[in-house]
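What follows is a group of structures, each given as structure tokens.
Paired with chain B in one complex and with chain C in the other, chain A is shared by the two complexes that follow.
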Partner chain A sequence: MTMTTMTATPVGTESQLVIAPMLIVLVAAAATLFLGRHPRARAAVSLAAGAGYGLAVAAIDWYIVLAPSAPGIATYQVGDWPAPFGITLVADGLSAFMLTMVAVLGIGSLVYSTRHLPGGEGRSYYFPLFHFLALGVTGAFLTGDLFNLFVWFEVMLMASYVFVAYSGGPQHTRAAFWYVALNLLASAVFLLGVGGIYATTGTLNMADLAQRLAEPAAYGLEPVPVVGLLGMLLSVFAIKAGLVPFQFWIPTAYRAAPPQITALLAGATKKVGIYAIIRLSFTVFAGAEVAVDLPLPVVDATIAGDSPLPFVGAALLVMGAGSILVGGIGAVGRDTMEGVFAYSSIGQVGFIAVPVAIAASTVDPTLREFAIIAALVFALNHTLAKGLLFLAVGTVRSATGTSRFADLGGLAGRSPPLAIAVFIASLALVGIPPLSGFFGKFLVFDAAARAGAGPVLVLLLVGSLLTIAYATRMWNRSFWGARTDAVDAATIDPVEVGVLVVLAATIVVVGVGFDPVYEFAETAAEAALDTDTYVDAVDPQKASDLGGSSGGDH
Partner chain B sequence: MTAIVLAAAVGALFALGTFLLLRRDLIRVVWGLAIISQAANVYLLAMGGIAPATADSVPVLAGHGDHVPETADPLVQALVLTAIVIGFGMTAFALVLSYRVYEEHDTLDVTELGDRK
Partner chain C sequence: MRTTARAIVPIVLVVAISLFFEGHNLPGGGFIGGVLTVTAFGIVYMAFGLDFLERGVLGREVDPGKEPSRDRVVLAYRRLFAYGFAIAVLSGLVPLVFDRPFLTQTFVMLEGVPIYDHLEVASAMAFDFGVYCVVVGGLLTILSVVGAE
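Let's look at the complex of A and B:
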């Protein structure tokens, strides 16, 4: 596709660029499998793929979303089958924002992995799995088909199952078994939701779904069941995102996986859950003409509206509030670094869910867009900061052999660059200006204030205080205080610390130069809410329109 | 009639799967998960239904002329095929993993495994 065709068609365009990041990681996964006996070549191919992935995502950002003459949305119809019969890949502002976020952390984690491979060089399957994990995440962000989303979830999960069991100790296999069992069950529920939606609407293409649900009468549909089916899908996405009451798998799985993978689990696969909630709730199901009316007897209130969104809002608000409290309180009492960060992840994802809930509950389009921007900016900060912190856990563990607070102390004097990077990431979690975390937290508070939700503000405040408490405690117990024997004997890898410093610098740069980041997030939120453009770009057709020219040639 | 049989089969499979999932033996838990995945597959098949063959429901038929009897929805079958492959792989992985759990912990009792920190 040339740029001239992009400018000629105002609403979206076809572009091979959309599939480029997926192809790059797929080729890298296959290549690293074949290079099993050559660790150096394996690492080199992986790094090249990381660079290519970064370039492809940057190209999508610029040529499809951000450039002055960019179309804003681009599609790729796999195999040239027109939607809704083939699989459609869609890159719009929301997908691009998510991809960018994951690419930054993914490349950092990849460079880190070339230095310190858990289990030694003999584990030839580390890099192929890494690329398959990236493939699953990328596919989930780009697909425009509900069943295809299920498939990419499975690709992502299969890689992560192996990573949770990777270290091979008793606690790792046990953690992996719980993780596999939970996610197999979630996959079955996902299939139930998908099947129900197909039976109700007759399509699984997201754009076609949105189009049909907006005018159910024209397609002869009875759309009421989609509210419940959407609820089923939401519970699956909440498991991936680790929202209360589905948070219980997070601490064990995060402790068992290698730290650089845990950084991706917290920074990337969690965000896939958030992305799926935003995409399906706002782009696909927001326009569904379903009058809902659910009186709540205990609190004497009614959830009502003319789309499924009020239900989504109410459910997400409860889950988000629970996550903030469970995560915050849990993190304060942990005795290892990764324990603190795992619970902190639960709390932080609550901070992302609450603005999404506000966006789903409000009827004011300005506030809806603003709340989604807040959620996206907070998600960006969480990916950068928590990714950095989990990578730092890996550095501390490989240098000292432990991450228990009881055996740590005085790390700040032992390696000032490591300490500065962790300090910046902790401050970003807390939300100190001018770091990226300040804007995330500020926007979330602002969204809650604009919605006039007093109790939500109190909740956010309590969550923030808990964040300060556990971040301070983590810092005091491991980086300050008397230097322990383990810290004295530590040898800290300079490249690992280099990756941490670069990520810390990114956090500062995102905070200081926040204007373009905000505009990107604004574009992403507009794309999430703009169902019409999404449908026009994908352009789902009716079978009768094809006239036999494309389907029955064989 | 078909609908009732399918509904009963799906219900029975889910009931059996849930029962096995709640047992103490890890292998039974794996069987439970496998049966629940199969139940979801049968359910998915049932969601397609059988309809008069028109190009609207089956685009491939657009070029096939008029002599086509009733067809089952081919889309759900394609979906189920994908889901079966994924489910098969996952069941194999879960079985291997439970063997590893047995090697590491010398027990397959879920309550004993849960007690160890």
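Let's look at the complex of A and C:
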């Protein structure tokens, strides 16, 4: 009997932290799968996992990113396989910012879920699926490998497929059918793009990819196809983010899923799309030495530059502008609360895409960083505010049995705490100081102004006016006015309202104590733009450096 | 159909098991072994009907009117899924105890084993076994529940 020893690399604490949130939700998913018959234990395990997840993310924030002596970035090689062959997990400022944002909403949604579970037999699978959804989102934020990103997207999608069809009615099945069909198509395109990038560059490790694209000659690459392949990937991420022209799945899917899951779909999975766009465009592909020269037929202008970024910027600007208009105009005419918020989500993602587009189009590094900060702060506000509003839809629906404006009215008098929470979130959407939404919107306007983009400013202004219009209309129809029978007979769950109030308080705190939030977003934007640090941290080896000692012969 | 099934099913199962053991350094493994096992079950279902496993093999009484997803064998599939998932997760967590990264694997060579001569006992086998259970449990649940509708 012989024992083969492996290259023993003890793992540092910072590295262990990187994978901690994923392991916590993974174990929670396995545990809740066993506890299907014990609802209380299942809820208790889930809440414990939520608390653990929160702590793990807070630890990542502090020890890896924010503490004075923090390294700023930490990596983890799964299974002890060195980069670029093994899967690398990377936690840097950008990942940490996104994780924190999602953790706050995720824990809120989890607490909420222990109170209000729709469905019959399927209930025993609710929490495992919830944890799988969280696992997919977490994995997507942490992975440093393009194919692994695809895998986490699929994990996230599998769980969300079930959730969209969760209630099992005809309209849910219909929504799920569209959702599954569209996303299968998107996954196929994603896979084609990933395959093409592998064929072109010979690697899928993001750090290795960035390194190779920066000096294509040294690696004997012909990087031009990468621009088109990046375009394919961007269209997939745009589907996830729900940007126009890929917005059509959002209203039906958001109506069909349980409200606390819709809060996550809007607050977390959409942000995965945004994150992937920022990470790939700036950290990975920004340094690619490709001369882009694309004459535009209608406006008689040319997109040109020496990296794929100007192309990304132009595409995102068009999609973002379309989203703001379609979302805003669509939201004004809806007759249910979730309809308004679903269209509003489309518009708000447009508000996030526009600063990302500005960052991609500009050549000024200060403006680029500032625009990404604007996008991140706006995304944070959207996660908090829209998450709260979708949870509020759940509360209203479970209390009154309806979320149609025609059957609602006078909720403000029926439950003042609920009304105050929704009021704060609506104001945050509109962007009233001192709430988080004000800074988000202010930074986006500021970025557009600094870029000297007049038409974009007008567009943002129109979008903001539309936001005021639909938020006011939603408020008037459901919270003010004469109390309807449904509202009179409602029994409102105190824990659900508690979650809403806590989220509303978070919105206020983020707005009042905005400086640390801005610094965190600044760190995140620096991390997104700092390809060199990213590559150094991952340190992808060349095949020739490895010798035979890495276990590759196994 | 039934005659063919009697001949094919054992062969398919043996191939599935051998694929499972090949897993960690030749093409094969828990996933493909599991899929092939499910194929064997699928042939049994097609040839003998959905109740055959419950009534003919396990000798249990089957209430023809009840929902198929309540069958005891389907509940067993679901449990298999849950256990398999837990095994896979736990096998990934074990290296953490030895201060190695998640999913790190090692292996031991056993010499002088009959038939195989030398057999490699890899820690990856535990993970593969978990995957095998997840695939078999998951696919059979889908097959028997959807097949009954």
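The criterion applied here is as follows: the second predicted complex is superposed on the first by the 533 of 554 C-alpha atoms of A that agree within 3 Å, B and C clash if a C-alpha of one lies under 4 Å from a C-alpha of the other, contacts with A are read in each partner's own complex, and residues count from 1 in each chain.
Assume a residue touches a chain if its C-beta (ideal position, glycine included) is under 8 Å from a C-beta of that chain, and two chains touch if they have at least 3 such contacts.
Because the structure is a prediction, the values reported are computed rather than measured.
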Which of chain B and chain C A:Q77 touches, first, second, both or neither: second
Touched partner set for A:G169, first chain B, second chain C, both or neither: first
A:A188 touches, of chain B and chain C: first, second, both or neither? first
Touched partner set for A:G196, first chain B, second chain C, both or neither: first
First (chain B), second (chain C), both or neither touched by A:V508: neither
Which superposed partner A:F85 touches (first chain B, second chain C, both, neither): first
Of chain B and chain C, the chain that contacts the larger number of chain A residues: B
Touched partner set for A:A469, first chain B, second chain C, both or neither: neither
Contacts of A:A59 with chain B and chain C, given as first, second, both or neither: neither
Which of chain B and chain C A:F147 touches, first, second, both or neither: first
Sites on chain A touched by chain B in the complex: 85, 147, 151, 154, 158, 161, 165, 168-171, 173-174, 176-177, 180-181, 184-185, 187-189, 191-192, 194-196, 198-199, 542-544, 546-548, 550-553
Complex contact set, residues of chain A against chain C: 1-4, 6, 8-11, 15-16, 19, 23, 26-27, 29-30, 33-34, 36, 76-80, 554
Residue ranges of chain B touching chain A (in the complex, touch as defined): 21, 26, 29, 33, 36-37, 39-41, 43-44, 46-49, 55-57, 59-64, 75-76, 79, 82-83, 86-87, 89-90, 93-94, 97-98, 100-101, 104-105, 113, 116
Parts of chain C lying in touch with chain A, wherever the complex brings them together: 24-25, 81-82, 85-86, 89, 93, 95-96, 99-111
